[in-house]
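Chain naming follows the written order as A, B and C, and within any one chain the residues start at number 1.
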Amino acid sequence: MANPVSYRVETRTRASGRAAIAAAALVVLAIGLPAFAGRSLLQDMFVILSMLTLAQCWNLLAGYAGLVSVGQQAFVGIGAYAMFAGVIFWGWDPVPAILLGGVAAAVLAIPTAFFAFRLAGAYFAIGTWVIAEVVRLSVAQWKSLGGGTGTSLPREATSDMMFVEPIASLFGLRDAAARDVLAYWLALALALGTIAGVYALLRSRQGLALAAVRDNRVAARAVGVDAQRMNWVVFVAAAAITGICGGLIYMQTARISPDAAFAVLDWTGYVIFIVVIGGIGTIEGPILGVIVFFALQRLLADYGSWYLLILGVIGIAVMLFAPRGLWGLIHDRTGIDLFPIRRRLIIKK
Amino acid sequence: MTLLSTHGLTAFYGDFQALFGVDLTLGAGETLAIIGANGAGKSTLLRSVCGLIPAASGMIRFDGADVGALSAPEIMALGIAMVPEGRRLFPSLSVEENLLIGTYGRKTQGTWSLSTVYDLFPVLRERRHNPGTALSGGQQQMVAIGRALMSNPRVLLCDEISLGLAPVVIKDIYAALPRIKEGGTSVIVVEQDIGQALRVADRVVCMMEGRITLEGTPARLTRAVIHDAYFGARV
Amino acid sequence: MIWVDTIVQGVLLGGLYALFAAGLSLVFGIMRLVNLAHGDLIVLAAYLILFVVTVLGVHPLVAVLLAAPMMFAIGWGLQRLILTRTLGDDILPPLLVTFGLSIVIQNALLEGFTADSQRIPMGAIETASVALGPVSVGLIPLLTFASAVLVIFALNQLFYRTSLGRAFRAVSDDPTTAQLMGIRPASVFATATGIAMVVVTIAALYLGVRSNFDPTIGPARLIYAFEAVIIGGLGSLWGTLAGGIIIGVAQTLGGSINPEWQILSGHIAFLVVLLIWPRGLFPRAFD
């Protein structure tokens, strides 16, 4: 090699560099938000961040791995119930008990995947939904957790919750408000961690394998990508995070019932709209989608069922006329990639 | 009298331009063979005539009318039937149902009906209740031809009907062409197998790289001339 | 003896599920379209029947005759304008679009008819029963089952004995070659969805006569219908009836042990069947 061409492979773009700086500033701002924001803003932010986490998980499944699940509410619900079980039966503090939710969801994901992966395409979607129904109906038989009517977190568990006292004294808040701050920070950490995790996965070798499987299953197998193994990893990981998120949501609510915790509309339906409207198969899409979703919810809050009706119409319209969502439109106009995954070859003479 | 013609026909196969201004005529009652190597644009030509591929520019005229903008079902209803490459029988339909569905978009009475198609290919009568795909390749090709005949078309387009068949089977199938002609149908056969095509055709057109490079009657075309048109001139 | 009674009731209930599923099976078999709004369309048809009954003061059976062509038109238009755009190799667009449709129909019904429970009044026939050997069965459940068998028989005749049925199968096999036969796939699909909606109207009559309904009950009916279709095997209409019966019997058996296990038993029966036969009981030889 007398005159080697030097080159490097990178995924960074100019926009992503700037975005990284802006994102760092935003994260700092978000962490400091409780210092100057009121309780209702923090509660809104909690909803946005937890929906964002669920949306990133569903997007990873449907947008990257081609696993269109309509049964993610199974993992929200089982995560929430596991958290309640930890607190009520074993006297755990609710905060670490959230992680129990992740474990329970991951454990549930194993038989679910074993069953659902035998089904292709549409059968998979229906199969996951049926499993979620089975879990809901089974949990409703769990009399010591309130059966079909549900139960509440014991008062002493919520009042003595970890971190609440230092937060209360730091900001000079009452316990209830301090619990909102704690829930907000946990939701922020979970959402950022999920985005970082998904981004890291997609940039890794496994992420490339995932894209290869999505684009051409047969060709991917021919170059040695084990699609089934990747699907297992993604499915169980998404379930675990979804379960943690479920535990967190119901730590904040402090009251649970099977119908609410396993609601297909709340935990899968809305999530699908967020991802579709924002742009499926991108990390930016769910972020944009959750903002639009929340704005619509606020705007149409007084119109009852008209809100969902309009949401449905928008979802259909986006899927038919802009199947890559709002972020797809923005990306096509501007070429911006905030979370670049595509590798580019840069050759230096 | 010209029944079907193309004028300056240009078409794309995916992103590739497959036809570059093709002018073709087919007379009433004529049998025309289009020969050429793989990728010469023969199949694209047939597929744009029958409406499966839109023409990028140029004109297709059938019986005096411009049919270039019509869809495949509309063109079929006018009386242009296609025997697609690879036979393409419907696997959920029996042999007889495959034949019957040939009349879905055009129910014209004429020479061809279930009984005359079975007379043309007697082996199909015995197997009429079998699934189409349970037949041998040659028998499937007979079903595909019969299916196209069922609508009593004025023009029959045959795309590579000898592909993948044994020589003795090809002979059997080509033996049916004169009887199809007798029924008054004009025929275009697209072939890579020159021998059979030359035997049945009134006229031969040779294509290369999306253009017509040679045209004439089989009697006047020598092997050498065809060879040049087929593979390009030896320089 | 009580077991015989339970199983007979389950079989009859299976007839209702088969009715829910027959239209779905037809559409699914022909265009591989998973219509997540199917349950909501059944509820929509039930409201339509109720509306006709209330406004015109006619008997529900007459109302069905009036509602069926309207539902055919709704199905035809839905397919032509929306669903046909979602067909293709990617399963995401049909799933997401019909999911959106499900939400739209539910909330439009909420807006139009409120969340109150409704029922289609049938008069004395509602409580009539007949002795079927040693067991006594309600006339309405018996009629439901008979209608299911009749509907599936009729759909099978259509599918295997008519020119339109051949076109359904041909388009399902190979839409491109079907066009060479003069078949317009979009128009054939629209007709299929229209026919499915006529079946939906019949299902809606029994849904509304047998029990209360409100705008939100569609998705649960969709699940039962899908379970019946999948158990039966893609494209097999008699298989769909068998699937409906399996779900129905499992539900009544489970319910006879503990009323809270009724729905759960149906789902578990579905999972067990699918675990053993992933393509259903009567799958087509090819796909």
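The definition used in the following text is that a contact is a pair of C-beta atoms (placed from the backbone, for glycine too) under 8 Å apart; a residue touches a chain by one contact, two chains touch by 3 or more.
All of these numbers come straight from a predicted model, not from anything done at the bench.
S.K.: Could you draw the chains as nodes, link the ones that touch, and say if you get a line, ring, star, complete or other?
M.R.: Basically the chains just string along in a line.
S.K.: Determine the chain that sits nearest the middle of the structure, using the mean of its CA atoms as its centre.
M.R.: Of all chains shown, the one whose C-alpha centroid lies nearest the global centroid is C.
S.K.: Could you give the separation in Å between the centres of chain A and chain C, each centre being the mean of its C-alpha atoms?
M.R.: One centre to the other, that is 34 Å.
S.K.: From the mean C-alpha coordinate of chain A to that of chain B, what's the distance rounded to whole Å?
M.R.: Inter-chain centre distance comes to 56 Å.
S.K.: How far is the middle of chain B from the middle of chain C, if each middle is the mean of its Cα atoms, in Å?
M.R.: Each chain reduced to its C-alpha mean, chain B and chain C end up 44 Å apart.
S.K.: Please list all residues of chain C that touch 2 or more other chains.
M.R.: none
S.K.: Please output the residues of chain B touching chain C within their complex, sorted ascending.
M.R.: 50-52, 71-73, 76-77, 81-82, 84, 88, 90-93, 97, 100-102, 104-106, 147-148, 151
S.K.: What does chain C use to touch chain A in their complex?
M.R.: Where chain C meets chain A, its residues are 28, 32, 34, 36, 82, 85-86, 91-97, 99-104, 106-108, 110-111, 219, 223, 226-227, 230, 260, 263-264, 267-268, 270-271, 274-275, 278.
S.K.: With touch defined as at the start, can you tell me which chain A residues reach chain C in the complex?
M.R.: For chain A paired with chain C, touching residues are 62, 68, 70, 115, 118-119, 121-123, 125-127, 129-131, 133-134, 137-138, 140-141, 148, 264-265, 269, 272-273, 276, 280, 304-306, 308-309, 311-313, 315-316, 319-320, 323.
S.K.: Which residues, counting only chain C, touch chain B once they are in their complex?
M.R.: Those residues of chain C that touch chain B are 163, 166-167, 169-170, 172-174, 176-184, 284, 286.
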